[in-house]
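Each of the next two complexes has subunit A plus one more chain, namely subunit B in the first and subunit C in the second.
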Partner chain A sequence: MKEKTIKKNELANFVAGLLSDYQVFAPAKEEESLVLKEMQAEGDIDLDIGVGPVNTKKSIKEFFFPQKERFFSYDLTKPGEMEEPVLSDKKRVIFGVRPCDVNSISVFDAIFTSDQYPDPYYIKRRERTTIVAIGCNKPETTCFCVDTGGGPFSADGSDLLLVDLGDEYLVQVLTEKGETLVNGSSGFSEPKSGVLQKRDGIVEEAQKAIKSDIKIKKVKGWLDNNFDAPFWDTVHEKCIGCGTCTYLCPTCHCFDILDETKGEKGERIRIWDSCMYPQFTLHASGGNPRKSGKERMRQRVMHKFKYFVDNNEMVACTGCGRCVKYCPVNLDIREVLKQIQVS
Partner chain B sequence: MNNPYLPIKTRIEKVIMETEDRNIKSFELSFINKEDEEKFQYLPGPFAEISIPGKGEAPFGIASSPTEKGVLKFSINRTGLFTEAIHSLEEGDIIGVRGPLGNNYPIEKFENKNVVIVSGGFAFTTLRSLTKYMIHEDNRSRFNNITVIYGARNPGLLLYKDELKEWGKRDDIDLNVTVDAKAPGWDGRVGFVPTVTKEVAPASEDSYVIVCGPPIMIKFTIPVLEELGFPPERIILSLEMRMKCGIGICGRCNIGEKYVCKDGPVFTLAQLNELPGEY
Partner chain C sequence: MPVSMCVCRLYFSKQSEKCIRCYACRNACPLCYCEVCCVDESQPQWFGKSVALSDTQVFHLMRTYHTAGRCVDCGACVRACPMDIDLRFMNKKIDKDVRELFSYEAGMDPEAPLPLNTFKTDDEDEFIKG
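Let's look at the complex of A and B:
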């Protein structure tokens, strides 16, 4: 792996330089939270906000898997004719993505790039995207990425990873896409002596800051044998089934397919859906295998920490903490996992 | 790259009203493009998503047999908005199909074995496909005895009546059609599917049994089969779940770590016994 450094005051220049060839997105403040926003002109997004301690409210997933996607459109008066959307192939850079969101791409890749049914919409968006991640020197209190197989500087899935060293960034060049970015700019230098040690210190410090107390293998072991445990009867009780956790989650990928029409024009769309909603599994006959909050909460936990592991050898949770932070009734997935692990 | 979400174009060649209550119609479709027909390879068992612009998509078992070249058949029970919309279509209309989706019956395993087909109601669709396939002259010699037990609440609700008559005349298939209660003009068997199964099923050694039907029928048939000595590895079921994508990614049809749309819909009872009872 190649390593470079860039002075903080050069960063804006580097990012601005990308604008001629790429669409650039970076975290920006919108009302009280951070969102990934498109940079329209040099300097219109303050890159320092993005590298502060807080992650964006919404995850990166909508860049590859938009909340609403058109599969094709049609005209009801012309049976059998479909028009497929032309997807942009403009290259883009998403800047300042946190490791937990970068790691979620592995989960999405496992689902949407299978050999049997590769998803052309997802793949097209993925191909045109370069990801510049930034490590987290100061993780939030809701973060638990270390427990789910990642870490505040875990780089899997990104093209460049920046490490904030105070007055400069250490830049880890992870892929060819990343290399292209670095080669196109004059702001990068070779790391001076001592820089890598400094980085190691920061990484260690950040890792220690995350209270790591969830043993994900132990959780899996319990889930393997406890589908019918009384635990599930009560753990869901607080949940009001709003679906916030699944919408904000960087790994949740359930969707519905439906038609929308206006007069004679119509579209077949894919739209985010949630396993926390009762209609999700309602059968034509009226039967429903997940009829109450109990079955639905169990599905959410089982899918993330057992079924997905059985099928893809990774958990479908990156420990980003969004569901912890934004659940209106404070249903904390970490607490659920901890209860499981002492069961 | 193939786009798994785009339906292929088919034309409705024939619409058959199957039942006296007028709720089940069969639709025979033909492929409009030759390449689509060539790509649509299947063995009995899978389903397809039928697509109607403005109405959406819904999954239906493929009732035709691959031995019926160029024909794709579905039998559709009218129960709600979507199936109502299909019922209103006519011969000559264009309709979309996405598939074949899911796995097929494990036909290789049936070779040189007795095969028992147990079905009730309109779940007979993919089993019609299987029966038709196995008794085709190219395939019949691959299997030993073929026993079909098919029941409906009353004679008016039986599907594929002409075909059943034909099969009844053949001596290389043991066809047992039954209705729940005596009915005027019915001189066939009367009795519930599980009871008839008990009477006519061959010895369970060297036999496979495939069961498809309403949950209540399955519930009472499985104990009968177990009593007859069928091990769970040789009891085969086809499941229905709420489905959308049909390709294992939209997340709604799983039972434990298995997706009914992709890993199924065909499972052995042994496989299902390993999974949580969430279906």
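Let's look at the complex of A and C:
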């Protein structure tokens, strides 16, 4: 792995240089929250992402798996004809993505690039994207990435990882895509002596700042044997059954496919779906195997921390903490997991 | 269209664009008591389920009208919304209309009939004769 440094005041130049070949997205403040916004012209997004909220409200997943995807449109008066959208080939860089979000790409890859069910929409978007991640010097109180196999400087899934060293960034070049970006710019230099030690200190401090103590293997062991435990009877009680946790989650990937029609015309679309909704498993007969909040909450925990591990050898949670932070009733998944591990 | 109405429409569009259809507002709302919400009906499917602006706007308009004359502005929807949508905006407008048209303020008198749930056959307004 190559390592370079770039002065903070050179960063805007580097990103502006990308605009001729790439669409560039970067975190921008909108009202009180961060959103990933397309940079239209040099300097229209302030790249000093060290201030304000650490992470964007919505995760990176919508860049690969949009909440609404149109598969094709049809007109019943023209049988056999359909119009499919042409997906863009334009290369793009998503800048300033946090490690929890880049780590979520491994979860998506396991599902959407599998040999069994490769998803052409996902694959095409993934191929045209280069990700520049930035580590988290100051994790938030809701962060628990260290418990789920990641960390505030975990690079898995990114092409470049930036580490904020104060007046400059240390840049870890992780893939060929990342190398192409670095080679196209003159702002990078070799790290001076002491820089790597400084980085190690920052990483260690950030990891220590994440105060959580979830033993993910222990949780899995309990889940393996406790589908019918009384624990599930009460843990869901304060959940109001909204989809906030699933829609803001960087790893939740369940969807529904439906036709929207108007007269003779219609389109087939894919939209996000949520296991927290009663309709998620509603059968055409009217029967519902997950008829109450108990079954639905159990499914969400089981899918993330047992079924996904059984099938893909990783948990479907990156510890980003969005579900903790935005849950309207403060149902904290960390507390649920801690209760499980002492059961 | 008056300028103020254009501004309101733009503002409402901007707010609706943020919606992710998580239904936290509806589920936290003390007035939403329907066993199956009309946006969740599938046979027939009354509402589009996507986050296209027309779909999110219709969802919020439907909720505003369904709670008209009943909403006491408790703010549960605003507190529940993860996307910081100004959900009180439309309700406050309806609240004002109900006060002006019916001299009624929701939540002040538990015995008073709800203005949008009652009618008089001898109402002197034209609309009732439709």
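FYI, the second predicted complex is superposed on the first by the 337 of 343 C-alpha atoms of A that agree within 3 Å, B and C clash if a C-alpha of one lies under 4 Å from a C-alpha of the other, contacts with A are read in each partner's own complex, and residues count from 1 in each chain.
Here is the rule we go by: contacts are C-beta pairs under 8 Å (C-beta built on N, C-alpha and C of every residue); 3 or more make two chains touch, one makes a residue touch a chain.
Model, not experiment: these values are computed from the prediction.
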Superposition on subunit A - do subunit B and subunit C clash or fit: fit
Touched partner set for A:180, first subunit B, second subunit C, both or neither: neither
Which superposed partner A:258 touches (first subunit B, second subunit C, both, neither): both
Which of subunit B and subunit C A:269 touches, first, second, both or neither: second
Touched partner set for A:339, first subunit B, second subunit C, both or neither: neither
Subunit B or subunit C, by number of subunit A residues touched: B
Which superposed partner A:290 touches (first subunit B, second subunit C, both, neither): first
Subunit A-centred angle between subunit C and subunit B, computed on Cα centres after superposition, in steps of 10 °: 80
Partner chain(s) touched by A:123 [first = subunit B, second = subunit C, both, neither]: first
Overlay on chain A, subunit C to subunit B nearest C-alpha distance, Å: 7
Subunit B/subunit C common contact set on subunit A: 256, 258, 282
Complex contact set, residues of subunit A against subunit B: 71-72, 74, 76, 79-80, 82, 84, 111-112, 114, 116-120, 123, 227-228, 253-259, 261, 266, 268, 270, 273, 275, 280-285, 287, 289-290, 295, 299, 302-303, 306-307, 310-311
Residues of subunit C touching subunit A in the complex: 20-24, 26-28, 40, 42, 45, 48-52, 79-84
Contacting residues of subunit B [partner subunit A, same complex]: 1-7, 9, 32, 51, 53-57, 79-80, 93-94, 96, 215, 240-242, 244-245, 247-257, 262, 276, 278-279
Residues on subunit A engaged by subunit C in the complex (per definition of touch): 31-33, 57-58, 67-68, 240-244, 246-248, 256, 258, 260, 269, 271, 274, 277-279, 282, 326, 328
